[in-house]
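Quick heads-up: structures coming right below.
Okay, so chain A shows up in both of these, paired with chain B first and chain C after.
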Partner chain A sequence: MTELQAEQGTPALDVSRVEAKPRRNRDALIALAVFVVLALLPMVFSSKLLLDFVIRCAAYGLFATSLNLLVGYTGLTSFGHGMFFGLGAYGFGLMMQKTGVPIPVAFVATLAITFGVALVIGAICVRLKEIYFAFVTLAFQMLIHSTILSWVSLTGGDQGLRGGIPRPSFWGIDLSNHLHLYVMSCALLVIGLLLMCQIAQSPFGYTLRMIRDNATRASFIGIDVWRAKLTIFVLAALFASTGGIIMALFVSGAYPEFAYWTMSGEGIFINMLGGVTTFLGPMVGTVLFLVLNDTVTRLTDYHGLVLGIVILFFAIGLRKGLMDFVIEWYAQRRNGRGERD
Partner chain B sequence: MLPLDLDALTGCLASSACLVTQTTSGFIIGMLLFLVAVGLTLIFGVLKVVNFSHGAFYMFGAYFAMTTYQFSGSFALAMLCGAAGTAIIGLIFERGFMSRVYGADVLMQLLVCYAFVLIFDDVVRMIWGPEFKSMGMPAAFQVAPLFIAGGVVPPYYLLLIGVALAAAVVLGLGLVRTRIGKVIRAAAHNPGMVSALGINTGLIYGGVFALGGMLAGLAGALAAPVRSLTPGMGFSVLIESFIVTVIGGMGSILGALIGALLIGLIRSFGSLGFPLFTEGLMYLFMVIVLVSRPTGLFGREVA
Partner chain C sequence: MTRTRKPGVSRRATLAMMGAGAVTFATPWVGRAQAKTIKIGMPTILSGRVAQLGTSSRNAVMLEIAKVNAAGGLAGRTIEMVIRDSKGQPQEAARVARELVNTDGCEILIDAEASSGAFAVHEVARDLGVLCIHTNSETSALTADPKQHIPNAFRTARQGVHDSIVGGSYAAAIAKAKGLKKWATCSPDYAYGRDTTAEYVTYLKRFAPDVEIISESWPKLFQPDYTEVVTKILQAKPQALYSCLWGGDLTSYIDQANIYALFSQMEVFAVNMADYTALTVVKNLPKGIHSGNRYIKTYPATPENAAWGDAYKAKYNEYPTNWSWENATAIMLLAEASKKANSADGKKVAEALRGLKIKSPFGADGTVTMRAEDQTLVGYAIGWGTTIPQEPYVPQVQAGDWKTIFELEAEWKKSKGYA
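Now for the complex of A and B:
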C-alpha cells in the first residue's frame, strides 16, 4: 500500500524505525522492575495463598505465552502443547528422584530432553497445515499421556509421580523454602517472558509473522519455512517445559493431567481469553483463567459446564480476547484525540 | 524396555482359533471406529471443519440407547433412539453454534468444540452420574457363541459388523447414486454455486452434521452392550477415529473404512504382541503414513 502511494506522488507512510538496542534495554529494565516488585510482594502481603497464586501464574504463564509464539505469531494452532508442560514436570521430577543431581543440572538436562523430543515431534508435525497440524500434535500429546499412564514402574501410572521431589539447596537457594521457591518462580517467569519477547521482536520473529500471513510468499523470497516453523516449535516447547518444571517444584510431584489434552485446551483458552495479538495477552489470560478456574471450582462441582459456557461466550460472543479490546480502545482514543488536535 | 511379547503374537498367528478370535475383535473395534470416523470425515469433506466434539455424539448415542433399553426393553428401539437422539443434538449443535464460526480461523472452531466437550461431559455426568454404567447384553443375543474354525465369535459381533457394513454401503451408494447425494457432493465442492442454484446450503450443512452425529450415535448405541459407559468415554474414540481419518485420508469414505479396519486389527493383534504399547503402535502407524503420504492413503490433495 505504501509503495503504491509513493509511486502516485503521495508521501510514503512515516514508519518510525525503532532501534533494536534501546528497545532491548528498555525491555530488560521493565523486566527487572517487574521482578523487583514481585520479589518485594511477600514483604507487603505475606499471604501464602497469594504467593501460591503467583507461582501458578508463573507456570501457566510461561506455558501460555510460549503457546502464543506458535498460535499468535506463527499461525501454528498446536493442540498438543501441553505435552511439553508434562514432559518438563515428569522429566525434572524423575531426574531429581532417580539421580539426585543438583537442581540446575536437572533443569538443564530436562530442557535438553525436551529439546530432543520437540525436535523429533516437530519435524513430523510442522509439515502439516492447520487442522492436520492441530490434530497430529494432539495425537502426540495423547501418545505421551498414554505412555505415562502405562509405564507404571517409572512414572507411577495414573497415581502420578509421588513421594515428593527432593529439593537440595544450591548456590544458597533452598527451594523447599516457600519464599525461595516463590522468588525463583518469579525470576524464571520474568526471564522467560523477556527471552520470548526478544524472539518475537527479532527479525526471526517477523519472519514468523510473515509465515503466518503468507507462507507461500515467505518461501518465494527464500525463507526456509519448514526450518523456521521447527525452530519456533522447539523454542516454544522449551519454555512450556520450564513452566512444567515450576509446576513440578510447586506441587512436589507430577501428575498425568499435566500431559493430558485438557492442558492444551486450557492453553488455547487462556490465549483466547487474553488475546493473541499482543505479547502480554496470554499473561493477562493466565491470571483471568486461574481466578476463574479457582472461583468456579469452589462454587460448583460441574466446573466443565460453567467453563464451557464462558468459553462459548468468548469464542462466539466476543470473538477476541481482553487485551485486544484494551488495544482497540487505546487506539481509538488516540485516534480520536489526533483528530481533535 | 519396550514391553514385548512376540511369543504370544507368533503363537496366535499359528493357531486358527486365536486368529479368528483376534480378527473378529479387531473387526468390532474397526467397525465402531468406522461409524464414528465416517461422520467425522463426511463433516470435514462438506463443511471443512473438524468436529472435535464428535466423540461426545458417540457418548450420547450410548447413553440414549441404555436409557431407552432400560425403559422399553426393546433393543431395536434403543438403537433407533440412540441414533435419532444424537442426530437431533448434531443438528442443534451445527445450526446454533458451529455455523457461527465457519468463517473464523481454526482456533475458534477448536474452542467452540472444546467448550462443548466440557459441557456435554458434564451434562452426562449430571443426568446419568459419574460412575461406570453398563447396558447389558440384550436377551436375544444371550445365546451360545458361534465357533468358527475353533475361534469364539459372539453372535452380537456379527450383528454389529453387519449393521456397520450396511451403513457403509448405504452411505457410499447414497452419495454417488441419489439426488441428495449429488447435492451434498456439489456443496462440498462449491457451496457458493450450489446456493446460487437455489439450494439451501444451510439445510445441507445441518443435515450433514445430523447425519454424522447419527452415525456416531449409532456407533455408541451398538457399543453400549459391549463397552462400559462413562462421561468422557467419547474422547479416546475421537482420537482414534481422527487417526483413522488421517490414515485413510480426510473426506474419503473408503479411506475411513480401510483405516478403521487397519486400526482395529492393529489394536487387537497389538494387544497380544505389545500389551503396553498398543496405543503407541497406532500412533507409530499414523506417523509412518503421514510421513510417506501426508494426505492419507485415499486422500486427494486439497486445493
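Now for the complex of A and C:
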C-alpha cells in the first residue's frame, strides 16, 4: 500500500465508523419492533398453528441465515451445516436429560460444545476450497451422524433421545408452556438475526466478502484468510446450534435426522429460494419453504414433485432467490422512474 | 294514539342482539359437543422407501372405519380420517401430529409412524394429552419403559421382545434336535436390527446353551448389494443363520444368496419372511426357511382371518402387511372401547381401553387384549413355521406360548430396570 493510498483510505474508514453507530441503533430498534409485534401476535390470532409455525421459522431461520454467512458472504458452500443443528439439539437435550442443570446453563454449555467441535472441524475444512470444502464438510457431517446412530447408550441410536426433554422453569419462564416457548423462540430468533446482521455489516463482514470475491488479493493485503474463514465457520455453527436447540424444545427430543445431510440440503434449498445476496433472503426463504412444505403436504402425497418444480422454477426461471429478484426489480423501477424524472 | 320512538337501540333489539351474541359464542361449544363427526388424525409415512408402511396402514384403517361407520360410528359419531405424510422425518411427524390436533380438530391420533417418528408423536401426545394409539412401532421400550408411560398412549403393534422370546425358543428346539451349534447372524445395521438380534441370541442361548455365534454381518439399511455378506457367511460355514432383514432388503438378500446356493448349506431363520411384502416378491422362494409370522391369512387358521385377508385383497388388489393388521386392530379396539364407555371422549375411551379384551381375527385364541399395566397389545397370533415356494407359503405355523412369553417378558423387564 502506498502512502497516497493509505492517506486516501483513512478518511473513508472514518466515514464508515461514523455511519456504523446510527445504523446499529436503527437495526436494534427494528429488531425490537419485530420482537414486540411477534410477541403480541398470539393476542390477536389464537391459532396454535401460527405459534408452531413461528417457532419452526425461528429454528430453520437461524439455521439458514447462519448458512448464508458461509455461502453468501464468504463463498464457502458447506454441505455439512446440519451437523451443528443436530449437535445443538443433542447437546441441549442430553444436558437437560442427564444433568438436570438449569436451561440457561445447558444453553451456554451446548454453545460451548459446538464452539469446540466447530473449531476442530473448521480448522481442517476451511483450508480447502469449493468442491473440496463442500465434500469434507459433508464427510464430517456423516461422521457425526454415524456417531449419533452407533452410540446407542448415549444418544438412543436411530430412535433418538426418548422420554422428552425436561424443562424446569427459570426466571419465571416456563418452557413447557407453549406460549413461553413461543416468546422465547422469537427472542432467540430476533437476537440471533441482529447479531448476524452486525457481523455481516462489520469490517469483518466486509473482509469476508473480499475473501469470497478474491481470496488471493485479500491475503496479499495482509488478511489472514484462514483465520477469518475459521472465525465465521465457528460463528455460523453457533447460530445453527441455537436453531437446533429451538427445534429440540419444539419436538421435545432430538433425532439423528437433524444431523443428516438432508437437513443441510434443506438449508441450501432455503437459501436458493430466498436468495443469498441479501441478509434477509434466507429468512424469506425459510418462510416460503415452510409455507410450501406445510400446504403441499396437506394437499397431496406427491409433495416431492411440487417442491422439485418450485426449485426448478427458481433455478432456471428466476435464476436467483426471491429476495434477489425483488430487490433487483425494485432497483430497476427506481432507476426507471429516475430516468423519466 | 301515536307511538313515540326513543332514539337509540330499543330494548327488544338489545335483547335480540344479546341473544344472538350468546348463541354465536356458545355455538362452537355446543357444536363441538354434539358434532356428528369425530376426526381421527393419522401421521404416517406415505413417501420414500418405506411408503408401503403408510399405504398398507391407511388401507387397513379405511377398511375398518367403513365397517365402524356403517354400524353407527364411535358412540353415534361418524369417523372422519385425516391422514398425512410425515416423510419419515420425526420433526415432521411431530409437526403434523400437532397440526392434526390443534388445527384440524382431531380428537384421537393413530400414530402409524416407524421408530423415531413414533417417539416424536409420543411426546406430542404427552404435551397435548390427546388419546394416541401407536400402531407400527415395535420398539419394546415405547411401552415397557415406565419413563415413557403416559395414560393417554397405547400400542397395538407387536413387540420386539415378544418376537425374540418366541423365535429364540423355537430355534433352540430345532438346534437341539438337529445339533445346530455354529450360528451366524446377518441383520440390518440400525437399532431395530441390533436390538432384535441381541435379544434373539440371548433367548436362543438360554434355551440351547451350547450354541455359539461364529460370524456376524451388519449390512446397511437399504443396501443394494449383499455379495460380500453372503460370501462372508459361506466362508464361516455356520450350521444355521439368523436374520432380521425385512421388506426389500430381505428379498434382495434372498435373491442374491440363491445364486450361491446358501439356503441348501444351512438352516435359515428369517423372522420377517412370512409377510406378503417379502413372500410374493422373492423370485425363487427357497423351501424350508424358518420364519416368524408377520401377517399371513392362513395363520391363525381361522375363517375370520382368511375372510379379513380376502376382503382386503378384494378391495386393494394386494395382500395386507404386518402393518395392516396392527392398524386394523387399533380401530377395532377404539370401536369396542367407545361402545363400552358409551362415549367418544378421549379420556373415557382411554379408561375403557385399559385391560379391554376383544374378539379379533389376529388373536392367538381369537381374542387380543390391551394389557392395562403397560397399555400394549398382548395375545396376538405369534408363531414360527417353514416356507414353501407357493401359496399358502407357510403351511404350518407352530404357535408361540403366551404363558412363556409373559414369564420371560417380566424377567426381561426386571433385567432392564423397567419393573
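Quick notes on this one:
The criterion applied here is as follows: the second predicted complex is superposed on the first by the 321 of 341 C-alpha atoms of A that agree within 3 Å, B and C clash if a C-alpha of one lies under 4 Å from a C-alpha of the other, contacts with A are read in each partner's own complex, and residues count from 1 in each chain.
In the analysis below, a residue touches a chain if its C-beta (ideal position, glycine included) is under 8 Å from a C-beta of that chain, and two chains touch if they have at least 3 such contacts.
Being a predicted model, the structure only gives us computed values, none of them experimental.
Superposition of the two complexes onto chain A shows a clash between chain B and chain C. Contact with chain B, but none with chain C, is seen for A:L138 once the two complexes are overlaid on the shared chain. Touch criterion met: A:R127 reaches chain B, while chain C stays clear of it. Look at A:L188: by the touch rule set out above, it reaches neither chain B nor chain C.
In the superposition on chain A, A:M96 makes contact with neither chain B nor chain C. By the touch criterion defined above, A:W151 lies against chain B but remains apart from chain C after alignment on the C-alpha atoms of chain A. Contact with neither chain B nor chain C is seen for A:C197 once the two complexes are overlaid on the shared chain.
Of the two partner chains placed by superposition, only chain B is touched by A:G265; chain C is not. Applying the stated contact rule after C-alpha superposition, one finds that A:G308 touches chain B and leaves chain C untouched.
Only one of the chain B stretches 132-140, 168-176, 258-266 or 294-302 carries C-alpha atoms that clash with chain C in the superposed arrangement, namely 132-140.
Across the superposed pair, chain B and chain C both touch chain A at residues 302-304. Against chain A, the residues of chain B that register as touching in their complex are 44, 50, 97, 100-101, 104-108, 110-112, 114-119, 121-123, 125-126, 235, 239, 242-243, 246, 250, 276-277, 279-280, 283, 286-287, 290-291, 294.
Taken in their complex, chain A has these residues touching chain C: 47-49, 52, 56, 149, 152, 156-160, 162-164, 176, 178, 247, 250-253, 255-258, 262, 294, 297-298, 301-304.
Residues of chain C that touch chain A in their complex: 46-47, 84-85, 87, 89-92, 94-96, 98-99, 102-103, 115-116, 119-120, 123, 126-127, 139, 141, 145, 147-148, 190-192, 194. Listed in rising order, the residues of chain A touching chain B in the complex are 71, 77, 79, 124, 127-128, 130-132, 134-136, 138-140, 142-143, 146-147, 150-151, 261, 265, 268-269, 271-272, 276, 302-305, 307-309, 311-312, 314-316, 319.
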